[in-house]
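Labels A, B, C and D are assigned to the chains in the order they are written; within every chain, residues are numbered from 1.
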């Protein structure tokens, strides 16, 4: 049953050094505030999972929280490279970063299989590409009925999933609307789940019978963090701050300016103030 | 009248790419150049083209170009928005996409694409973003169009990494992949299509004012030309107007956001 | 692209003798009117697929349309047996009926895999049961990463799927709300799809961004058939007629009374009049 | 005061079954007797029990008992309704269900269930409806409660078909199935639970007024009794009132439909 608490407590209670952690949100509803709290609490040796490790993971990697990254597209969307990710991969700063690289299709299916309680996903993927040469967890299989070539990939089953959503009730039921990404799957695949929300309400009101709702009993902690997805966006609340993403390119290009930014905007800032 | 029009190579490329999309086609759209071309098609000759983005937005009709693959505009103007696993399972792997429209960092003469690394994978010179949706867009779509600017850095003899598969030399691509694979490369200089025998991409149409030598100079392999090379029809005044409007609206909207 | 047409034409154009056909609707939105039209048009040798072959398939089987049934629960919900199904299985009347029997979980996953373009579904199912002894399409597998015991089942990929929904637009986009069942999966798994709807509207209006909508380009034919799910129900339109299901028990118990019912209510009735 | 109450064996069974559900439990509910018991629990001692039906309805709070597994009432009173594939993939196979609550046509001493055929599968004496959701409810739920009326036809030495697995003789059920399997059988005469060694179900509690011989006469195998057999607490006036109200509302509502 979800505990409605502060972001600080939610992270402290559920994220441990060395955890496998999935922070999801596909462009929309990226849990930036929770990421900043993880940096602020100095978590270390995390295995970070994310389909699109954009600016949020650039910040975590640059701040030295991560030892491994499982991902399928690592860039600053619409802008260019992630300089902190590249610096870790190309030069080992601030520490070496192990990569496990997949395609979006494989990652989405691996989350889906994790949510479905399966140890692996069996799909059609990677035909004639070089992925199987570098990613050892891609295993060729054959359909027992048709002989068709398939691949198996291990399902994603994180220690903890972190997402941001529009609303939760005081009881902890969570509503997500608009671009849903893989958030439901990440939560259901994980042992523990933290959800930050724009607002906590008494009830979800007159919502569509088939809306994407996560019941409180699949969530560990819910924290109200208005603008918790900033600089990404929350459908119905605020738009994406494209300038932030563009500015990030300059900030992250240089180690010193990056560290100054982290100090000023994360370390010296109270929980939930990062925007 | 068309000789009075002035337009850039990028505009020619986008217009040529947009024309490749027939009305009513179900198109899985990559971000960047493909997104501009696909939406230009929708706003000109192909009002019923169906645009799908990997963020799960189906039949989207954005008024401005998205900066990312999951902008709010895409969901707000979509017929419906599904989860990302459903997008890749039911809609892409399920064989519902007729054309996959991709950009690229590098490609080779078979239209294999590299968006992963320059140099050795484990000690890369440049770490690129990676494949995202492209590896399976390339294999599960009915066919694939690729659009990128012509340059020696982009058109290379040998890729350091195959992120998304092109045609296989002499091979029957359909057997292995479900779709025909890449059938068109549209650049700022020309249009290339696969030789029916060798599967190597050759120049089949050149944009007005482009010389063969320019293409040769900007291609990293010994590029070949079809026996009959046509001239790409120039952009019409209407196409240019719609494209420029689209870019103007896009710029205004994105500048306007916090 | 969906052709908006009459039920009669939709069935005539898309259902052929010998087809593999899936008519879905999980208690809710069962396409009864379409089933009656199939009986009326005298289709033969159909392989019928349906998770819960309730009264609708009892009618098709008794009317001699089917040679095989793929299913997971064959009863009259809340009432008892399907007498026509039992008569076909136990006594071969009006003809023998081949059975391929699964569990709900397996059927649901087989539809899902069909929609996902996969030749098979790999799941955890059937542990310690007798299904694998009688259903030859259940193949044991092992997870290549964990060694866990799994089974593969062939995906369902029908020639034609038939469903009923609340609304379609004049263009043929279809909206389903409430209990969704496996209708979306059945449509996406099939080569052709027929959708009957309560009403055809100009547009779907202000619907939830994540509502279950099938675009017109995955549907072959749409026909407006008000009360087309009767005696099952349509969320937002009408309730289930429980008395019909109870009465069916008596009608179907006896071959003569069944045939009289079919003659009077299906054969001598015009398309769409069956309620 | 309870000795003044009159109640039927069915009512005793439903009340005893309802009490087995602890408040807050996530319960996957089969139709019929389990549905009555689960909703009685929700309306009495377990207001926060979470009821899931295989039609995809999550956290449903029906005011009347559904006649079928997919009545409109279930969706209208649910927290949300998901597709049937999602229900079986994410919620059941995903391990989110703590208690699976099943009915049965026939079971054996290990609580294996048959709802498939009487007689030979290929030439059956009686063709039953089949398993529906039960085979995987039985294996993927944390534990399983079964409720049915006691009779020799229902409690048999040997099943013609194992539709849903019970405990395995002497075996470690959890290893093969993910859950503990059946842990309680609740009938109109008694409650049975597995012997910790043999896994055979033995009588651990008898309802008031029931004689051992009645249970022996109505069980198709040599039924055993626990060393200490308790007496099932009787239904309270409140439980009976709520149950009867529920049945009355249900009857009125279903009669009222077209």
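The rule we apply is simple: a contact is a pair of C-beta atoms (placed from the backbone, for glycine too) under 8 Å apart; a residue touches a chain by one contact, two chains touch by 3 or more.
Keep in mind that what you see is a predicted model, and the values were worked out from it rather than measured.
Student: I need the common contact partners of chain B and chain C, sorted by label.
Tutor: Per touch definition, common to chain B and chain C: A.
Student: Counting one step per pair of touching chains, how far is chain D from chain B at the shortest?
Tutor: Counted as steps through touching chains, the separation is 2.
Student: Give, as an integer number of Å, the spacing between the C-alpha centres of chain C and chain A.
Tutor: From the centre of chain A to the centre of chain C is 39 Å.
Student: Cα centroid separation between chain C and chain D, in whole Å?
Tutor: 28
Student: Multi-chain contacts only, two chains or more: what residues does chain B have there?
Tutor: Residues 75-76, 81-82, 89, 93, 140, 178 of chain B touch two or more partner chains.
Student: Among the residues of chain C, which are close enough to touch at least two other chains?
Tutor: Where chain C meets two or more other chains at a single residue, that happens at 112, 116-118, 123-124, 178, 180, 184-185, 209-212, 235.
Student: Which chains touch, pair by pair?
Tutor: A-B, A-C, A-D, B-C, C-D
Student: What does chain C use to touch chain D in their complex?
Tutor: Counting only chain C, the residues touching chain D are 26-28, 51-52, 71-75, 77-78, 81-82, 85-86, 89-90, 101, 103-105, 108-109, 111-112, 123-131, 133-134, 149, 178-182, 184-185, 212, 231, 233, 235, 238-245.
Student: Hey, which residues of chain D end up touching chain C in the complex?
Tutor: Contacts found on chain D: 31, 54-57, 67-72, 74-76, 81-85, 87-89, 92-93, 112, 116, 121-122, 124-136, 139-140, 161-165, 168, 176-178, 254, 257-258.
Student: Across the complex, what residues on chain B touch chain C?
Tutor: 24, 26, 50, 58-59, 75-76, 78-82, 89-90, 93-96, 140, 178
Student: For a test of understanding, state which residues of chain C touch chain B in their complex under the given definition.
Tutor: 1, 112, 115-118, 173, 184-185, 188, 209-213, 215, 217-218
Student: Note which residues of chain A are touching chain C in the complex, please.
Tutor: The touching residues are 116-120, 122-124, 137, 139, 141, 143-146, 148, 150, 152, 154, 177-178, 180, 207-212, 235.
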